[in-house]
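There are structures below to look over.
The same chain A turns up in both complexes below, where it pairs with chain B and then with chain C.
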Partner chain A sequence: MDFNIKNLWVLDIAGVEVWITETMMNTWIIMLLLTMLAVIVRVKLRTFKQVPTGFQNAIEAIIESFDNFVHNTVGDKFMYLGNWFFMVFTFVLISSLGGLFGLRPPTADWTTAFALALVTFGMIQVMGIIHRKGKYLKSFFEPYVIFFPLNFIGELARPISLSFRLFGNALAGVIFMSLIYGLIPIYLRFALPAALHFYFDLFSGVLQTYIFCVLSLTFISSASSAGAP
Partner chain B sequence: MDPLAIIIAFSQLAAAIALLNGVNTAIGQGNVASTAIQAIARQPEVSGSIQSTMFIGLAMAETSGIYGLLISILMLFANPLIPLYLQYAVR
Partner chain C sequence: MNVGTAFLLAAIPDGRVFGLDQQALISIGIQLFNAALLSAVLSYVLYKPVRKFLRNRTERINAQLGRAEGEMAKADELKLQYEQQLDNVEQERLEILEAAHRAAAEKGKQMLADAQSDAADTRARALTDIQAERERAQEEIRRQIIEVASMMAEKYVTQAMDAATQDRLFAETLAELEGAAWQE
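Up next, the complex of A and B:
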């Protein structure tokens, strides 16, 4: 029964307490992993050949399948969004899979999920204003001017619902797994939770990552292409 | 009776009631999935796009369930009423 976010250190920087929490530590571990992978890929990139084999095959398959996914979701015009969302996808996916190794997923802290959703929110506004200019701002006052508060609250609810979806699922997984680990006797802990780990970490994690990216991409492309709400 | 005990007891009840909206969420998600299966059975060649649309629909239908879960988690582990009570009543 231990699912609170632990505080590892308290740093004292110029009289201001800075807490280093478990979330930050796990985020740094995941960042380190991903950065190392990126550096390895960058170094290996010089030796890539026309006909891929082994490692190159795996990397190309991942990139190509994600490119296809972005292309199917938003089309040719917004393919450059894939660069950011590939980062989000890998980060959230690895952080969900970290639950398998006993790392508390950083997305089970609302701040991480909200930060990711806030970037999506900013991208919606900026892309809407860049691509549709005044029409985007006018869409807040449709169908009539008195609908502005409703539209505005609906717009503000987007990052909240996006982040709560990711956060709620991750936190539910963490709480459920710690309850199960607290309930069952110690000699059963090797076999029984595997099925629940499969559901909460693998299935739910992959699905929620996918849904986060799809919803973000859909929101952004619908805000920035004309005719859509 | 101790007012703090009453607050905690009703918070637990509120958490249980908030989780009841899982019923509606389950019905909605079942509707989405069954309709998607019907659509795929009718037109198997567009199953890819139907699946991705279905996942978006499932995520949308899940929102209310997530909100209920969140309220119950809030009531159980981060109850805002208890600090309020401690602040005003125990003075």
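Up next, the complex of A and C:
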């Protein structure tokens, strides 16, 4: 049983050692899959009809559902954030579902989860300053100046909590499934883990994807309106 | 240090679950780049075009709905006009019927008056004829009486008339008079 993120290659780039990890490889595989899917949709889009059926119906349902999700979470004002969070949603979701095919989810590596959370953190600050300007910075000193350290640490904690929530859940699934596969006899490996895959890869994966996106959008939305941080 | 070159190193370190070091920062940077690249690809190849397609279709459907509502409003207006025209036709029908009734009543009155007038004329003519016939009959009677009287006078003159003769003559004359009256 090995829960570690394997290093596949080690590069020396300009004197700096760079580890090419299993996470990166799986990320590129998922990127490739999503890019292929996007290209197929883009090609088929030319033949999309007024009344959708089959594949067109599925694509329209996905995009419309995601649009409605963004709209219901942050409203019309931040619909343009959908471009980024559509990637986050599909990437995290496919990462979790990859576990069904023996692919270690990239989100089970903290660096991936933190990279995504870092973008959310950046968006929170940028949106707060753009929409509320000085009031956003002033809000770090409210209700009294003495609360600044608490507000500041609370703000810094957001990407950390976001990333560790996603990373912890994904890693728990990986560890648990590895333990199960290591402990049960080989003839049970085709039946018993299916239910656990359903929970850890499907249910928990979809749930964590949803939570990550909702929290990120809510943080951004609240930072750009009164009451933040 | 080899600036601008990359080497594949033979020694591969052991894997790990979590670490906070330079490799973690590099890994975060690479994953950030991957995420940005994937976001750009998905956004420009999939998300935006499909949203644009959906938006255009929604606008097209809304435009069609708008046109349909306009046509519906026009149809309602035409329907209203037709109904008004139908109401007018009914009104005209009633007016024509009323006029026909009035004309018929007038005609009836006129015909009745004419008939009454004709009847009065006929009656007047009949009365005139009766009067003329009466006068003619009276003239005829008077003439016959004169003739009888002349005959009686002639007989009286020609015969010596006694009382019995007078009675007989008188009875004969009377019988002639009664016969004349019966003939009339």
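The rule is simple: the second predicted complex is superposed on the first by the 221 of 229 C-alpha atoms of A that agree within 3 Å, B and C clash if a C-alpha of one lies under 4 Å from a C-alpha of the other, contacts with A are read in each partner's own complex, and residues count from 1 in each chain.
As a working rule, a contact is a pair of C-beta atoms (placed from the backbone, for glycine too) under 8 Å apart; a residue touches a chain by one contact, two chains touch by 3 or more.
Remember, predicted model here, so these are calculated numbers, not experimental data.
Partners chain B and chain C, brought together by superposition on chain A, fit side by side with no clash.
When the two complexes are overlaid on their common chain A, residue A:Val119 makes contact with chain C while staying clear of chain B. After overlaying the two complexes on the shared chain, residue contacts for A:Gly168 are found with chain B alone; chain C is out of touch. Of the two partner chains placed around the shared chain by superposition, neither chain B nor chain C is touched by A:Asn68. Taking the Cα centre of chain A as vertex, the centres of chain B and chain C in the superposed model span 120°, given to the nearest 10.
When the shared chain is aligned, chain B comes close enough to touch A:Val214, but chain C does not.
Legend: residue contacts after superposition of the two complexes on their common chain; A:Ala38 is shown touching chain C, with no touch to chain B. Set side by side, chain B and chain C differ in how many residues of chain A they touch, and the one touching more is C. Once the two complexes are overlaid on the shared chain, A:Thr21 sits against chain C while remaining clear of chain B. In the overlay built on the shared chain, the residue A:Asp12 is in contact with chain C alone; chain B does not reach it.
Taking every C-alpha of chain B against every C-alpha of chain C after the fit on chain A, the minimum distance is 7 Å. Across the two superposed structures, the residue set of chain A contacted by chain B and also by chain C is 4, 171.
Within the complex formed with chain A, the residues of chain B that make contact are 48-49, 52, 55-56, 58-59, 62-63, 66-67, 69-70, 73, 77.
Taken in their complex, chain C has these residues touching chain A: 1-9, 11-18, 22-24, 26-32, 34-35, 37-39, 41-43, 45-51, 53-54, 57, 60. Taken in their complex, chain A has these residues touching chain C: 2-19, 21-24, 27-28, 31, 34-35, 37-39, 41-42, 45, 48, 50, 59-60, 63-64, 67, 82-84, 86-88, 90-91, 106, 109-112, 114-116, 118-119, 171. Considering their complex, residues 4, 72-73, 161, 164-165, 167-169, 171-172, 175, 207, 210-211, 214-215, 218 of chain A touch chain B.
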